[in-house]
Amino acid sequence: MTLVLEVRGISKKFPGVVANDNVDLDLQEGEIHCLLGENGAGKSTLMNIIYGLSAPDAGEIRLRGKPIALRSPKDAIALGIGMVHQHFMLVPVFTVTENIMLGAEEKRGLVLDRRKVSARVRELSKEYGLDVDPDARVEDLPVGAQQRVEIIKALYRNAQVLILDEPTAVLTPPEVDELLIVLKGLIKKGVSVLFITHKLREVLEVADRITVMRGGRVVASAKPEESDERSLAALMVGREVILQVDKSEAAPTHEVLEVKDLSVGGRHPGMDEVRRVSFTVRAGEILGIAGVQGNGQTELIEAITGLRRPGSGKVSLMGRDITGVGARTLIEHGVSHVPEDRHRHGLVLSYSIADNLVLCTYNQPPFGTNGVLHDGPIDLYAQKCVKDFDVRTPNTQTAASSLSGGNQQKVIIARELGRPVKLLVVNQPTRGVDVGSIERIHRELVATRDKGAAVLLVSAELDEILALSDRIAVMYRGEIVSIVPAAKVTRAELGCWMAGSQTPTVESAAEATA
Amino acid sequence: MTASDSPTSGLGEKIRKLTAPWKVPALAVFTAMVVGAILIAVAGGDPLAAYAGMFEGSLGSPRAVAETLVWSTPYILTGLSVALAFQGGLFNIGAEGQLALGAVAAALVGYGLPGLLGGSVPAIVHVPATILAGGVAGALWAAIPGWLKARTGAHEVISTIMLNYVALNIVSFLLNGPMKDPAPDNVIARTPLIAESASLSPILSGFRLHWGFPLALIAAALVAWMLKRTTLGFEIRTVGANPEAARYAGMKVGRTIVVSMALSGTLAGLAGAIEVSALNHRHQLGFSQGYGFDAIAIALLGKTKPAGVVPAALLFGMMRSGAPRMQFLTQIPVDVISVIQALILLFVAADVMVRRLYRLRGERERVVITRGWGS
Amino acid sequence: MSDNRRHFAALCLMVAATATGACNKSNKPDCSSPDVFCVGVVTDVGKVDDKSFNQSTWEGVQRAKKDLGAVTQYIETTDPKDYAKNIATFAEEKYDVVVTVGFALGEPTRDAAAQFPQTHFIGVDQFQPPGAEKKNLAGLVFPEDHAGFLVGAVAALTSKTGKIGAVLATDVVPPVWRYGEGFKAGARHVKPDIELNVVYHNDVGIDKTFSDPEWGKTTALSMIDKGVDVVFGGGGKTGNGALIGAAAKGVYAIGVDTDQYYTVPEAQKFLLTSAMKLLDDGVFDLLKQAKAGSLPSGNVVGKAGAAPYHDLDSQVAAPVKAQVEELQKGLRSGSVKTNVAPTKP
Amino acid sequence: MDYRRYGFIAAIVVVLIGIIVKLGAAQVSPASIVASMIATTIAVATPLTLGALCGICCERAGVVNIGIEGMMLTAAFFGWFGALYISSILHVGPMTSLLLGVLIAIISGALMGLLHALLTVTFEVDQIIAGTVVNLLAMGMTGFCNRQLFFGAGSAFGGQIPRAPGTLPRIHIPILADIPFIGGMFDQQPIAFTALVLVFVAHFVLFYTQWGLRTRAVGEHPRAASAAGIDVIRVRYINIVIGGAIAGLGGAYFTLESVPSFEPLMTNGRGFIALAAMIFGNWKPIGALAAALVFGAAQAFQINLQLFRDVIPPKFTFLQQSSVVGLVPYVLTLIILTGVIGKTTPPAADGVPYDRERRS
């Protein structure tokens, strides 16, 4: 086998972070090489460097033995390097053809030759089994199809090296399987693939070789046949990981949240994002909602927490109808919400930790009386929270932006648990968070349950759902296809439901609680 | 010049810490003056004499100082108006129109109220009523783009620009028609003189400096206090920094946007009202023009904080008030002041230029208020 | 760090230099001395290069500099609230005469005349209402209505379509209004059935009213499309635009204020005449009297009239010329009246 | 979706012209009224169209430009000064001087565009602030230069008022220009014609060529464009500079085509109306032209109302005040912004500074 790509001694610093520290990596012709690492391990930075999107501070990249200098993706594309980004690099208002030809346009005279390109797209799509309609507008396509567009885009440019950055995060399990088949087809035709992920299962299934990164460095190389999930996880995190959360049997009592026939509208009229969903959550239990991202979970949560007006149906809290009630009122009635995207929704990054901690309660005594803020009580409270939740920070006046992801998340959890909680709604609580903080956050969620609150947990990580939930509901295309006690379900069953591939066994809420 | 590489002496450290954030604005002003000096020299003038004239004209005598403060008063208020909106994440280009309508409303109450109430009105009632009328008019006018943004997402930059012209046309219509001074010898598009009882008096007789200046300073203090110490200010700043997080935290984002714009408009309206009540005693076409854009420069030079806006407004007031004397002494066209002010805005906004020029270290500060048009 | 120090030192130096500069006043003329005749001009928000009344005034003052050895300076007002301050700047520097330009400065000038009784003032285009005259203030006014009357008559007599038009900057500034009213009166005087089209440009902000030639041109073109074949353009650049529009369409144009044969060369071929007021002469004459210590007070009426026909002299019929001359005599003697009030009622 | 908007626009224009035709029927023939109003409409619309095209160039590449006014003003001044200098000091013929003046105007507009690009693309200054800088600088600089170069003994012309080389000549397209009612469209000056042609060129470039595809990609999703190998910075720079050049041509209209003189601040807010036309036209060249024509028609309407003032019913005389009709462009744009007449969609990345090295 010949070496296609060699990465030697790459370093890259961002203000305050060393993203890549003397990284070495190589890729052989016709192999799938998996790059494994936690969030923030420096994988994406390395890929952006290989693709010419950012310039390394030091180090060298060689292609087929020759050193290459990449000033921009243009150079990388010219050299046969293609990349499928984690966040798709597609122009939503353009058609598939336009997106694919962008930067490598075919022209007839001065005019763009769309017909020629779309014919080539059809060819490619047939050749590699990548089904797309060249004339569709990208914004109208589901994510799976968008990803196929991205792959065709790289193939259209004759990519010999294909980099895939976390390609499976947005896919259902069957779509993942499909993707893996496509990749195996690609390597047979001589394409070399760099596959970036933090999902151990996929790595073991598809990789020819594995490289593990941690804290900006390459910490290990492995072969899939000699590894298992446990050993890879340990390499990734740097210590033995307890995959199990310590928790006792749930002792649920009264009903706290009841959702009945709830539908929530979305971007397209007539296409509800959430469709006739019903379930209950009781005090003292954790209901986990599993499902691939983008199946209506976020909309469901926003409808429950007063951020989005439901189309129809009813939401009750402690027996009181709260359908369409605003967020402020719900907060005052004991609803806490840890949102999915902490930078956009959870925090004001330019604010101090103290200000972020009172973001919901600034207008209540002792923080604010008669419209006037009181710094003393706010700061005292902040110091207590920082201590109780082990937020690692120099002081409470530090800006939230300078904290690590895990500590930022702890600030949000501290804020949401710092007031009397009847219902805690958490969405992707541990995304992009280091393992130490994950453990801490998981303990807090269980403790909240044990204090008698109802907890609604949404996560795309099946492991997290399995580890924390007392009951599990699976969402697929806006519907809840199944609600089961956590103890009675296997990972495989959940995977099937998440893909919508098996006849759903919907149990009524009463049945599940029985 | 960071703290780490200099020996720590208590006081020096403190001073450095206090002055550090103002280094870029100060150097921006300095650089703009230098470029202005080069321009004057190229045009065949004597830059030193020109600046000396400006200095003399703005601070050279008690009267000059008083006149500078007179000029600074509307600058402080409009600067605060823009700065307050900035704090709320809004770009209010409409101070010009809000000021004009504030001035018209103040004039209307100033000359019309006695007739409406059928007799004279005591100054203790009439003066506040006149000034408040201006504030209310500005508030209502500015609330429109706020409401449009909250309701339809229409970007406030474009709607305030449009509303500026709408306001100026309305004012022109009113001053040429319904509100025109009916005095027999009047031909100018202007309102009647306001009643004596509606006039804000000078602080010292013989000088034009009026109580509007301390009012503007009080307004600055109030805005600073409101932003920093009240729940409303907290909401405005939160919506400004991250509207989504504010929404998730249960704040009413739309309402806060309308309130921010209304408060911003109030300040601009007050500027117009004070010009009418304390200085011109009427409104006339051509009065108080061009404050809207200057206010943007002032707000940015003052780092969108009230404590910064006041000195920035004083500086702009000095330039404008010193300009006639500069021209008197050197015959340099007063447009050079506009050039210098534009350059100040340029160097404050593109602080990278200043930092590179003076090799200042430290993180660049991004002044990005508007992200995207949206509509 | 040392770099910063150096820049800081440079800054200090600059400030110091500016400060010392401020104390250095030696190069200023000594206006308080009786031997030095100082004349200061305060303009309206227009500029001294406006090619209109501000500039004409300044030219008169410049003539005083040449012929009378006067020291001359100007200050351009940028905001109406500075009127009084700018006038006071000259008065406090002991200038002998302060010339203020434009109707809008009327009140501030009267106030300043009361405040600085030692200084003489000339208010250009400022009518002094009876009873409000000041001893040391001469209001220089012109019978614009006479000039307008004459050119109105010329227009009406030369029009073939029976439709004439006036594109005027504004009806709120008395001199411009008087031109317009005089124009109408003159036209009707010679041809009672003439069709008159008079359009004013009272736009946002009085300063723009006079400086919108594009509007002037567009409006003139619309008029011409309607059949107008003589266009009177009045009011700074806005009026000039109308002249250019008329010339472009090949119809007669009539200028205003000065003999616009010289100021709008583009319209020369079609410029019939101009309604003139001899502003620079008027200012110069008053300055001469002021230097001699005999500045009159109250209203001083300057000269106004119609400019020569220049290139079109041969096109104007002899009877028309004769009739206009008759009217001019009549206006002077008072036997012909324009019936135009000094200001718009 | 655009048809609804264009229909609305056409309706306004027809109604405005119709009212005047009805009013003036007694005095003037409909054909000459329509022809006259069309001529006025096109003349007024010319700088608005060019300004709006400038805005479209910039904003389609993702850079908001509220500095159109300043770009036009600068170009108006320097084009004027250049033409005067060339004809009166260098003694070049009037036609050549005028054309060179137009060239100078285009270059000075492009230079202001370069300043805007430098501020927004390289220094990542807030784009609204950068536009404000362009405007304020233009106002100050043109005022200052106008004084220094034209007035007083030390000026470029030694204190004399130089004789202007006139304006660009009218081009009369045979046959077409003689069609009744609409012939006026084909009897225009060169910049007006160029503006019309540029609208269709811009439409073609934007939607049918490689450059247009790349420009739109940069304005919609610069990171995607960058990932496709497009140099975002370069595309933005070139578009803004071209936009500035087009605004420069619009500036030349004021001093070299409309009237042979320069006034301080003579663009009189038309750059902002152009901005409104761009939005009204939904960031499309043809839409912007349509919007500019509406605004032009509104002004033609007001001027004609003044001419027919004796026949206007007394109730409506207020309409002849320019301040009433002057509201039209702004109020229409505000209505458009509220989304009542079709949705307005700006480029998605419009106004967002592009940071190449931003993480994720």
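Going in written order, the chains are labelled A, B, C and D, and every chain counts its residues from 1.
Convention: a contact is a pair of C-beta atoms (placed from the backbone, for glycine too) under 8 Å apart; a residue touches a chain by one contact, two chains touch by 3 or more.
Note that this is a predicted model, so its numbers are computed, not measured.
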Most contacted chain pair (by C-beta pair count): B-D
Maximum centroid distance from subunit A, chain identifier (CA atoms): C
Rounded Å distance, subunit A centre to subunit C centre (Cα mean): 73
Between subunit A and subunit D, centroid-to-centroid distance (C-alpha), Å: 47
For subunit B paired with subunit D, centre-to-centre distance based on mean C-alpha positions, whole Å: 30
Inter-chain centre distance, subunit C versus subunit D - centres from mean C-alpha coordinates, in Å: 32
Two or more partner chains touched - positions in subunit C: 47, 202-204, 207
For subunit B, residues that touch 2 or more chains besides their own: 165, 169, 172, 176, 333
Residues of subunit A touching at least two other chains: none
All touching chain pairs, where touch follows the definition stated at the start: A-B, A-D, B-C, B-D, C-D
Sites on subunit B touched by subunit C in the complex: 1, 5-6, 26-27, 30, 33-34, 48-49, 51-52, 55-57, 60, 67, 70, 165, 168-169, 171-172, 176, 184-185, 187-189, 208, 275, 279-280, 284-289, 320, 323-325, 327-329, 331, 333-334, 358-360
Contact footprint of subunit D on subunit C as seen in their complex: 47-49, 51, 197, 199-204, 207-208, 211-214, 216-219, 221-223, 225-227, 237, 240-241, 244, 248, 263, 265-266
Interfacial residue positions of subunit D with respect to subunit C in the complex: 24, 27-28, 32-33, 35-37, 39-40, 43-44, 146-147, 150-151, 161, 163-164, 166-167, 170, 254, 258-261, 263-266, 268, 299-300, 303-304, 306-307, 321-323, 326
Touching residues (chain side subunit B, partner subunit D) in the complex: 39, 43-44, 91, 93, 148, 151-152, 154-155, 157-159, 161-163, 165-166, 169-170, 172-173, 176-177, 293, 296-297, 300, 333, 335-343, 345-346, 349-350, 352-353, 366-375
Subunit C - residues contacting subunit B, complex: 1, 3-4, 7, 11, 14, 17-19, 21-22, 24, 27-28, 40, 45, 47, 73-82, 84-86, 89-90, 93, 103-104, 129, 171-174, 177, 202-207, 343-345
